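I am attaching a structure below and will ask some questions about it afterwards.
By letter and in written order, the chains are A, B, C and D; residue numbering begins at 1 in each of them.
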């Protein structure tokens, strides 16, 4: 059964996701700050709103895919925000990687308006989004999860439930990103010392990613790191720094020391300081190499 | 074609490996410092030597599976060491995780006696050894690699070649162990902050190890860490500390800063200081939890 | 020349400072959230206000000594805040260790009301405050600095100027606290390894603090750390964590990796997680000892 | 009372120390691997030996000032080593910063020959050595300490005793160097973030080193770091790395995690990897700046 749905945020992730919803037969109302980004969707049959509020229907469903806490608050709570119209019975599916603290706050504000807030952050780079291969972590009220499931099945390959409190899905998501960054840093360090010892980088990562670490993160990022090929930019270093800060903030609130996260933070902030904020996060390898005096 | 082969070192890894060589039809001469460990093999048809030198045949093949640099030097170079007898045309297959520096030294000493030294360190815990599921990294002269291959195929599921210089296989091995330890520490940290935020540890690790990290290291260690079940002891924390020191020594010689390895070192040394040297290395989780004030 | 002055915040630092201003002959109007703390000052001749605004005089001078950013904003900008009355020509001398970002914001808000905001954070524990031995870093408009100087001379032993922008004094202050914490952590580590090697802790710190490190921080904290005597509580671990977070926030904004600060953060957050937030920050030593398996 | 004494090792520290012993009226027999270094002393009346053994007298006193463990073992235990002649009743005063483990071994070997081994490592850069301003930590048998005192008083401004076991003085010495390096790293980090926030580096370090940190280490290194002037080379980064490795080795043996030392290790090894091994250790500042993207 197709549904009228709103979609806000048409960046490198939002655009392919919205396309898949459209392709699944849903009538789509889209909004993006830079309106030109909506063109391909409009051509394919979506309707475009000029303000976030315009894509919401009373009691309807709205997706958001927004890059950070501030921007999400703005499209939801602002003067033209979607909560101005979504109203009782509505469902807001938030795909963004935002802070658990904001998810908690959002859940409360939505509840006051009888709107459901479902946290549904996704794992996967833009190519995975296009291929409907995202992994989705969801948390929120049971009815919200039930209503969202068929919609989410059109954009991902697997859905994992984390309970009634939306922020738990966000914790799961930022934990995952933290693990990916950790794996990248560890690979970059291992390849640096191995290379300086005479081992071929590609030979080493091939062995590791066919055996102990035969999984996507090590295979894909391992190859990029071994070859020092940091394109295409699937996830910008600046956003990676944002996400490490999200887990460090969560650690602050729960009083949990995370030494590896602290180290990743210092690595990423150094990368941004050196002007690499828009490069793929795998370019943290450059910092590892520079510290080792490797010149490439 | 079966061959007479020597095997030195019947610990938790050496014993199942030797059993598999025996089961493959080779005549086996075994030696272990604590002679009683050889009983099961002797019952199954192996012959037992009382000194390392006794299991070597001139021009023959000897395997060693020894826990550290000093012990390996002793069984090879000592008064009763295997090099006293192995002689020209002999092949020493060293399965141990020793330092690249020792591998280099060994290669030279063996060459002077016209014996081949093949570094063949393995990945896998005792259950993998028993199941002939080891992954083996080899490096050494081409003829040595060729001669060793059929023997190694009887004990592992895959062989990866790293060239002519034996130490390169050791670098590959300790790089792998470094990555495994990194993954464990990162998981332990992520699960600590997630748990303190209200997320179920098992739910989180299940999601991660079915998606981004669908590989053995994350699945097996992830489960142990999530459940805080650090048995059986597949690899003792004390040995893990030894291996992190091996990569840090290699980093010292090549002047490569490895901040994650430094952090792991501090974590493991703390575990050993707290009396956990004989526990499985996944028990580094206890240190992560304690620092976070988690009481279990 | 004595002046009518307001003073807000009578904690362990504010109370002795206010006493010294009173003793210097100034007429003092004091406010504290917990009004009972003002008793000793009232007995000595101070007048008590029931709201922050009540201690401000149009065009007058008000000191604040408040524990964090939120509390400072509340007493300044709140409904009953001092800015409701201080007005054109007024001078607000902020002794608190707050974020550079807040100082910057405060300067702007004050300027809009033609009030001068002088950042004047102080170094020294409560006993130093009582003894008029504080060191004071000041930054703000030249006239503000000139007007404040004689008042500050009554409470400290030295004044250091950091220019026209108030936030620069705050940066100086949190840099200093970062260095003190670094010195404590380094001493705690050095004493742990020295003690485990057989060296007497006190003998070692005595040597160091009479020679290379013949200065207050090493002498005073060194003694506390060597003796594991973390009283009296001159500066609570919770506040130390706040200050390390202030410098990490400043590092975030300026994109500066600070690995030692990251390490201190993890140490302090662990202490707070273990329930030591109200202990003196020198108790970070307990975390160093615990990680080393030292039981005292 | 003047004494005939031997002196081995005429580097940047040994030469001024030997000069002071000569100036104090002692008859000096000197040895240095590069014999030409002895010229100034020979002109001033010293006699030169061509081998270490030649400067030792049976029952006499020999000083050594040697840069590392291996070199010390060579001049002491080698074929032409001083122990070949020093003999019963002799006293070897070892000024070098060597490992506690070597000091322990030396004490035993000397005792077997009825020679006293006194560990007497010194604090101070070459200018302090020239000015007889060294601080000296001594440990060894009571008679050895008593006999050495008047000699040491001619070269230093203060002597600190650490008991009967020579290695304890070495632990004290490397602990001190660890604290100096920690202070430098912390200052470099603080100045980086302060500078990026708009604070003048010199203004900040002046304030700190006149107040909380009014001691030599902060005043001297603080100035060098603030001004990024890393000359003259008082102590080479390569030697600093050696000393951090000495404390990390001691930490390894005693199972003591030292996270700050680990961080310093990574900083220094990176400096050496970048070709700065011969620069003054204060040049670790360059690594701090580079990571922060500061270009000078």
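In this text, a contact is a pair of C-beta atoms (placed from the backbone, for glycine too) under 8 Å apart; a residue touches a chain by one contact, two chains touch by 3 or more.
The structure displayed is predicted, hence computed values, not measured ones.
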_Classification of the subunit B:subunit C interface as same or different, half of numbers criterion_ = same
*asked:* Can you tell me which chain lies farthest from subunit C, using the average of the Cα atoms as each chain's centre?
replied: B
_Roughly how far is subunit B from subunit D, centre to centre by C-alpha average, rounded to an integer in Å?_
40
_From the mean C-alpha coordinate of subunit A to that of subunit D, what's the distance rounded to whole Å?_
53
_Centre-of-Cα separation between subunit B and subunit A, whole angstrom_ = 38
*Could you say which residues in subunit A touch two or more other chains, in rising order?*
251, 255-259, 263, 266-267, 270, 273, 291-293
*Looking only at which chains touch which, which shape fits best: line, ring, star, complete or other?*
complete
_subunit B partner contacts - residues on subunit C that touch it in the complex_ = 259, 266, 270, 273-275, 287, 290-293
*Considering the complex alone, what residue numbers of subunit B touch subunit D?*
245, 251-252, 255-259, 262-263, 265-267, 269-270, 272-273
*Residue ranges of subunit C in contact with subunit D within the complex*: 100, 123, 135, 137, 158, 160, 162-163, 165, 167-168, 171-172, 175-176, 178-180, 182-183, 185-187, 189-194, 196-200, 203-204, 206-208, 210-218, 247, 250-251, 253-261, 263, 267, 291-293
